[in-house]
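All remarks here apply to the structure that follows.
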Amino acid sequence: MAELLRVNNLKTYFDRYDGVVKAVDGISYKLDYGETLAIVGESGSGKTVSVLSLLRLIKRNGRVVDGEAIFEGKDLLKLSKEEIRQIRGKDISIVFQDPMTSLNPIMRVGMQIMEPILWHRVMSDKEARDRAVELLRLVGIPEYKTRVWDYPFQFSGGMRQRVMIAIALACNPKLVIADEPTTALDVTVRAQILNLLSDMKEEFKTSVILITHDITLAMNFADTIMVMYAGKIAEYSPVERFIRNPLHPYSQGLISSTLDIKAKEGSLRPIPGNPPSLVSPPSGCRFHPRCVYAQDICREQEPEYKEVEDGHYVACHLVKGGKFNA
Amino acid sequence: MEVALKQRRRGTSYWAAAWRRFKKNKMAVAGLIYIIIIIIISIFTPWIAPYPYDEPHYAHTFEKPSARFWWGTDDLGRDMFSRNLYAMRNALLIGFGSQIVVLIIGVIIGSIAGFRGGRIDTILMRITDIMYAFPTFLFNVILVTVMGRGLFTILVAVGLTGWAGMARLVRGMVMYLKNAEFVEAARALGAKEGYIIRKYILPNMLGPIIVSLAFGIPNGIWIESGLALIGMGVRPPMPSWGNMIGAGVAYIMAFPHMVIFPVLTFALTLLAFTYVGDGLRDALNPRSEV
Amino acid sequence: MPELLVVKNLKKYFPVRKKLLKAVDNVSFSIEQGETLGLVGESGSGKSTLGRCVLRLIEPDSGEIIFDGVDLRKLKGEELRQRRRFMQIIFQDPLASLNPMMTIGQNIEDPLVIHNIGTKEERRRAVEELLEIVGLGRDLIDAFPHEFSGGQQQRVGIARALALNPKFIVADEPVSSLDVSIQAQIVSLLYELKIRFKISYLFISHDLAVVRYLSDKVAVMYLGAIVEYAPKEELYENPLHPYTRALLASVPKMPKDGERQKRFLALKGEVPSPIDLPPGCRFQSRCEYVMDVCRKQEPAFREVSPGHFVACHLV
């Protein structure tokens, strides 16, 4: 498959009262057309920043200090404000976590779906109207023909997330970024939205970057998984391979500390400790203070992020020849 | 962003952290230094002032600043510097004093409304709304007319007309805090109501109240000067920035020093309080630190 | 084992614009000493209200709460206050549940101060011991809650709840605001405490996996009522209520055996407003097996096999 996006050595730092937060510190990855990449990590791992940096949607105290992000031949990080605006919402769109606050409360949902279409002058006003109705049908809003002129408060949480997805799809984007799209929803509604995302992927053949803290979801849903820890990529792998053979101790820890519905009593083995400070991250491997296998080299030297098998990258001193040797 | 805790023996208390944030705000620190200085000066005014505020020197009327009269003299030959010191002292007295009145009334009404809720809340808040909507300055004029023009009565009048904002603030915080999760936790632990109020609710209200008071002081000074300007302030010969500026304006072209000095000190004082208020507002809100 | 807590016909209705929100609608259950009841439900199911009613942090409208043989609803002021030593609560948002103006040490010490237990020196030692029990260093005693991470804050909340040696703790979504690796730590800690101190939990959560890990019995709540109640294994292996089945099916499972799931069995619609429910079964609007009788008559909550209760016409 052809490459849609390639990120090289991206670094995004934030200035804060107590120093510089290295939220994303040198990450590289790629995404093909039609591929679903899941970025998994805990809060502060840099998973959201790593993606929002591409669209230059980071807060004012943050800045991209290094790297490139080649999207269809153009480096997103070097585009002018106007050029990046042309891409946002049209080629790359975002579904945010909280459908309650991400919609404009005083604008009819139909208008909100039409907005990106009209901004980017993809089609005429009349066509955009029809498109809005059609999108609402596609995302499964009952009585979509009348509901298209309702306001967000007239929709429930799950329905609003459907509207958010409709907005994201409005301009037939090449890439949809879904930032924890189901976290704020109830269990039963979560399943509905996941099914919808699956269907939309089939229907529109878009690439998806799914940002999530839920490794179970990522392993089920994505083609490729990228595990982030403290601003760096710990492991990047095709999901099939990852399921069989997760190599990084943090990936293994995440899996063993995730409670599965079938988990047996007393089987939980949590990762000890807390995520590190990103102002003064630990020496060597950033995971070493929490890693049960840590050795001297892990404390002293930062592990190289390298390909261990075809398409399977890991940053760990203990992985040799595609195997984890502790 | 998550801050991993650095292991340390002593934590930073709310107040220590607030002080650290306050120190970062240069203007606020400058304002605080200025305020401390003028408070000290005001305490010792009778000893510092070179002349009594009401002592006329008929041979030296309208004198420009000189070694004898640092800031010159006014139309009656009274020393402008001494008068300014007394005006400042009066302004501070009324600024701080009125806020004590505001604090007492606002906290009592606000906390009764917040704690009791229901009917009592509705009645108290309607009264507060009326106070809020009523033109403050006019109300002050009426009160001063009725109660007299002494320093103390003006202070009370300014306080009586200014408590509505404080009452609303306190009510809002009480309503929030009495249902806050950590208060519920204390209740679940079996704490008595008095203990909850003392250890849980009051300490958490202090920050916003202090900020509100800090902004209230310059407001009080402003109203006092306004009253004096229209001749409803402290009774002459007692000086006030308001009546000094009012008197000086008549001679502004010929003797600008009669206006410049009171206006400058007045403006500086108001600015200083406003900057300190700004600094406190940011410092006492832990979330302002990103 | 003796029953520690028996709740009978508990009701709590909130008036909402002249209508009634039946937050807790005739709920009964019991918990034995040392046993944990998992309470599962989505938002609006009334599970948190139920938890608070049991502790009388919210005053129920009617029903009985018999704790250790005493009906809590008959207790007044000081008697109830004394009883609170034996029943505690852990909250969802650990930062919001700690007094921001007190140090970690003072927060944990507070229950001892409130009940006038020990001298200052003894209390200090107790706090240090509690910090150790929940896995925090003694040197953190003078730090303030906002300096901690979410997981550490929750450990402090747990230490405070443990200070009075309670027999019973209501844990209201104690891990749902935490990161995955930290969730696992806290769940392990709660499990360890349950075994070590024989504590009974009323463990409230929307997360079926967490509930399964910690509970002995599980109750599934929907719109203010318990629709299914059974011993843990029975409920997870043999769910009878259509809602319970849907809940279980909608959770993605770890694809350890390489079998991935791209689609999930999803219940139609969303939880309806709990105000002014229609007559009949409260699940009728989302049930795929709905029949005429479900729209007319409320199903009885009955025992279908030993210890397994369901409220459904189809069972």
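In this document, chain identifiers A, B and C correspond to the written order of the chains, with residue numbering beginning at 1 in each.
Here, contacts are C-beta pairs under 8 Å (C-beta built on N, C-alpha and C of every residue); 3 or more make two chains touch, one makes a residue touch a chain.
Just so it is clear, the structure is predicted and the values come from calculations on it, not from any experiment.
Using the average of C-alpha coordinates as each chain's centre, B ends up farthest from subunit C. By the count of C-beta pairs in contact, the leading chain pair is A-C. The centroid of the Cα atoms in subunit B and the matching centroid in subunit C are 49 Å apart. Between subunit A and subunit C, the centres computed from C-alpha atoms are 32 Å apart.
Each chain gets a centre from the mean of its Cα atoms; for subunit A and subunit B, those two points are 51 Å apart. Listed for subunit C are residues 149, 152, each touching two or more other chains.
Residue positions 43, 274-275 of subunit A are each in touch with at least two other chains. Residue positions of subunit B with contacts to 2 or more other chains are 2-5. Every residue of subunit C that touches subunit B in the complex is listed here, in rising order: 52, 55, 57, 80-85, 87-89, 91, 93, 96-104, 110-111, 114-115, 137, 139-140, 142-144, 146-150, 152, 157, 160, 164. On the subunit B side of its complex with subunit C, the touching residues are 2-5, 7-14, 180-182, 184-192, 195, 199-200, 203-204, 286.
Those residues of subunit C that touch subunit A in the shared complex are 42-43, 149, 151-152, 179-185, 187-188, 191, 206-210, 212-213, 236, 246-256, 258, 260-267, 270-271, 286.
Those residues of subunit A lying in contact with subunit C across their complex are 42-43, 156-159, 186-192, 194-195, 198, 213-217, 219-221, 239-240, 243-244, 253-255, 257-263, 265-266, 268-272, 274-275.
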